[in-house]
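Structures follow.
In what comes next, chain A is part of two complexes: it sits with chain B in the first one and with chain C in the second one.
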Partner chain A sequence: MRPFLPEERLGSLLALLGHWGEVYGPVTTGDGVTAFRPVSDPGQLRLEYRRTLIPPKRFLLPPRETILTYSPDAGYQPLDTAQPALVLFGLHPCDLQGIAYLDRVFLEGVVDTSYRRNRQALTIIGLSCEPDEFCFCGAAGADLPAGCDLFLQRTPAGFFVTAGTMKGEEICDRSAQLFTLRQPAGTTPWHHPLADAICRGCAAGETFPDNPLWDRFAERCLGCGACSACCPTCYCYDVLEQGGLDGQAAERLREWDNCLFKSHGEVAGGVNFRRSRRERLQYRFLHKYYGFGALRGVISCVGCGRCRAVCPVEIDLAALFEGEDHDRQ
Partner chain B sequence: MIRPQLAIAGLTACFGCQLTLLNCEAELPDIADRFNFTYFPMGMSSPDITADFDAALVEGAVSTPCDLETLVTLRNRSRLLIAIGTCAIFGGVAAMCNEEPRSRLLRTVYGPAADGLASFNPAPLERFVTVDFAVTGCPPERGELLATLAALLRGTFPALPAYPVCLECRSRENACLLIERNEPCLGPVTRAGCNARCPAMAVHCEGCRGPVAEANVAAELELLIAKGVSREELVRRLRRFCPEWDYEQRA
Partner chain C sequence: MPRADSCQSRSLYIPRDATILSVTELTSREKLFRLRLSDGSELKHLPGQFIQLSILGYGEAPISVASPPTRQGYFELGIRRVGSLTTAMHALKRGDKVGIRGPYGTPFDLGSMGGKDLLLISGGCGLAPMRSLIQYAADRKSEFGRVTILYGARSPDQLLFREDLDKWETISGFACSYTVDSREGDGCYSGSTGLITDLIRPIELSPAETEAVIVGPPAMYTPVIAALKEKGLSSQQISLSLERQMRCGVGKCGHCSIEHLYCCQDGPVFRLNVIEHLHGAL
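Entry: the complex of A and B
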């Protein structure tokens, strides 16, 4: 028997979660975009959503943020304003995997203090999902990704509740009166054939250097960078300094960088490590499927399908694993 | 600290770029404290072009002998020459009809008086002089102008966005007008910096900030033609802010 939250008590759970911070969940914006926004009423939630346009990484690594300030009197000062506590409600397993990956990038070894500040402000509530034609995560219903405080397995009548952390246990304790006990029906874990193909290809070290898809991709890639901007595990950033008009004070900013941009591989003197669009696409492929640095060998594609859904010219790097016949254009 | 001597000039233009600077009301006292304005016809009485300048900020395209004389004088007298606005960098709106005979355009506007006018096809500053830095936009973003001035105080230039509008548009979580609305948005080939102001209001990008570096113009055209827009219409729209796109360019 497992704790079960009947659907009609979801509002009570949301109200209770408010104790841990402002609750953000998947909603449809006025623009028709699915995005994490503050929710107070379960009626606003899109429990059946497929994916948000921008993954939850924006709460950890904002598109642009000030990371330190300089003034002649105070010198360099890290920005240590406390982040308001947030509860991210309804993250799918792929996005939970994405956060678990970013945690490894920014918190293992040399700790990124700005990321840690943002991360510590988050309470994360996962939600099971139904895949669509764009996603291919291989592990629906598998183990809870690290760092997910509470996970809700949705059924027609409500949610089976699993705590993943101490904080999750605490939430369960505080909301025990909302739960009943039920016998979970056996869920059948499903395996997307593409996920299997990716795992096989990566295990074999495939980089498909002679695949004609590379040229076809490079020819039509607009270099808009949407694939990387919307990727839950793309974390490249640029650091720039902006002086104040007083000629003294300055801020150091970091903003999302993007391997599809010319500037990404550009160094002093106008030299560029990746001059062609083909090389930029290959670089992105290598990062996603083979990893760099301490995370070499870790596949960072979580199968959320965003890069396939947001590409204006339907480029899908994963198609390389399926063979060239699977290019959608 | 350096107290730079500035020249701010407008050639063939609407003077909206210079107006954007004047509209930075909260910052003007700081700017006046830190810079000497010596030649700024739009903003002062008795401008003096005979001084030596640390930087000349020049708006507009070059389309008359008088424009050219001002430009060359400023180039000779200024350590740095900074193009501000799309017209100064690409030719801009003033150059959108450069394919048509100049004499006919002049007669359409000035009637018989056109015959005595010395005027040639509007062209970007770079066609005539070396340009050290450029702040694009129609008009430029005030934040980018202010960042440029702040950088001048430190003897450097700011890092302004050189990537396409799409990055800013996506990070604002706008609906993609290309994909969701099937609209002929020019965001993928247009320089960012505007924070996707138009797409955020569901208006597709018109390309007012000019071509992004290494734009895949050919693929953008193919994509929009596939959406049902004619090539002629696309070329007309692209030419509105920059007359000299390379329509075959892919990288």
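Entry: the complex of A and C
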């Protein structure tokens, strides 16, 4: 028997979660995009949502963020304002896996204090999902909920509840009166054949250097960078400085950079180490499937399907593992 | 959430204050800055490492250290004026302050170089990081065999560290030659003209006892490596320092990867055998 939250008590759980911070969940915005936004009423939640356009990485690594401020008296200082506590409700296993990967990038070894500050402000509530034609999780074990405080397995009548952390246990304790006990029905684990193909290909170290798909992708890639912007594990960033007009104050910022942009591989004086679109696509491929630096050998593609869903010219790097182009034109 | 290796509260992005002690004009576009950390501490770098230089209002750029750790009380940066940050740096004077993060990166493998003859080949502003190693070897001469320095620049007015080049020539056990692609613009130049590879050919070396280092513009690596292999050196005996865009210096920003290696951490100094088969390395 496992704790079970009847669906009609979801509103009570959301109210209770407010104790841990402002609750954000998947909603449809005024312009028709699915996004994590503040929710107060369970009626706003899109429990059956497929994927948000922008992954939850934006709460950890905002598109643009001040990392230091400068003043003549104090020099460069980190932001000392506390990050407001947030509860992210309804993250799918792929996005949980994405956050677990970012945690490794920014918290292992040299700790990125800005990331840690954002991460510590989050309480994460996972939610099971129904895949669509773009999903292929299982590529990196994303079908197992990772790194969330609480996970909700949805059924027609409500949710089986599992705590993943001490904080999750605390949430369960505080909301015990909302739960009943039920025998979980066996679920069929979702597994996409592409996930197997990716794992096999990566285990063999396959980079498909002679595959004609590279040229076809490079010919039609627009270099818009949407695949990277909406990827839950793309984290490349640029560091900028904005000086005050008085020359006395400045802010150091970081903002998302994008390996599909030509400037990403350029050094002082104009030499570019990734001049062609093909080289830029290959850089992205290597990062997603083989990893860089301390995370070499770790597949960071979580199978969320965002890059396949958003690419305006239907480029799908994972198709290399299947050997067929998904271009429908 | 994984536990951090250590509980760091200081942001890794905060630079330390450094004060400019002197500025020397090397060419019309390169200057040498001598600096000291404002708290009086040493930089504690090794030859081949780089720092992130901060200038208020302009941000940061990775710059190789041009002086050796054996010379205490200061460190030097040779900086070419190419963008907004380096232009701002060129406008600074003695007494002005900048920010420093680092040192970062894998230095030259001084351990393996011990007891060996060194063949040190640089081109353009690659002489700045090489100078750190050359001066280190000059200060600890007993630890190394013969030191041969070869340097190439586009034209006489672009030769860096002219005084140093002449001084190195006079150190016993050291040999130093330089060349320019073209003597245009300097009728008085009496040195050699030609490619850097022309300087390698006449060198006599004992392949088993030699460690070679190359630091230069990307176009220099392939012909120089070929010339060294003709001399009987293997890839394991050749080290190079590579340049890539490095925003953070600590393996996080994702820009400087050469296949799976981060130039900022695994490099900038690599052994040739580690990178020669990697796509986009050379």
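The rule is simple: the second predicted complex is superposed on the first by the 316 of 329 C-alpha atoms of A that agree within 3 Å, B and C clash if a C-alpha of one lies under 4 Å from a C-alpha of the other, contacts with A are read in each partner's own complex, and residues count from 1 in each chain.
Here is the rule we go by: a contact is a pair of C-beta atoms (placed from the backbone, for glycine too) under 8 Å apart; a residue touches a chain by one contact, two chains touch by 3 or more.
If you're wondering where the values come from, they're calculated on a predicted model, not measured in any experiment.
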{"item": "Touched partner set for A:F134, first chain B, second chain C, both or neither", "value": "neither"}
{"item": "Partner chain in contact with A:F208 - chain B first, chain C second, else both or neither", "value": "neither"}
{"item": "Contacts of A:R119 with chain B and chain C, given as first, second, both or neither", "value": "second"}
{"item": "Contacts of A:A268 with chain B and chain C, given as first, second, both or neither", "value": "second"}
{"item": "Partner chain(s) touched by A:G32 [first = chain B, second = chain C, both, neither]", "value": "first"}
{"item": "Touching partner for A:A229 - first (chain B), second (chain C), both, neither", "value": "first"}
{"item": "Contacts of A:H287 with chain B and chain C, given as first, second, both or neither", "value": "second"}
{"item": "Chain B versus chain C, judged by how many residues of chain A each one touches", "value": "C"}
{"item": "First, second, both or neither for A:V105, with chain B first and chain C second", "value": "second"}
{"item": "Partner chain(s) touched by A:G243 [first = chain B, second = chain C, both, neither]", "value": "both"}
{"item": "Residues of chain A that lie at the interface with chain B and also at the interface with chain C", "value": "240, 242-244, 247"}
{"item": "Residues of chain B touching chain A in the complex", "value": "1-2, 27, 30-31, 34, 146-147, 149-151, 153-154, 158-159, 162-164, 166-167, 170-171, 173-176, 178-180, 187-189, 202, 212-216, 219-220, 222-223, 250-251"}
{"item": "Sites on chain A touched by chain B in the complex", "value": "29, 31-33, 35, 53-54, 58, 63-64, 218-226, 229-230, 240, 242-247, 256, 258, 261-263, 276-277, 310, 312-313"}
{"item": "Of all residues in chain A, those that touch chain C in their complex", "value": "67-68, 70, 75-78, 103-114, 116, 119, 147, 209, 235-244, 247, 250, 252, 254, 257, 259, 264-269, 271, 273-274, 279, 282-283, 286-287, 290-294, 296-297"}
{"item": "In the complex with chain A, residue positions of chain C that touch it", "value": "1-2, 4-6, 8-15, 17, 54, 56-61, 80, 82-83, 86, 99, 217-218, 243-245, 247-248, 250-255, 257, 259-262, 265-266, 279-280"}
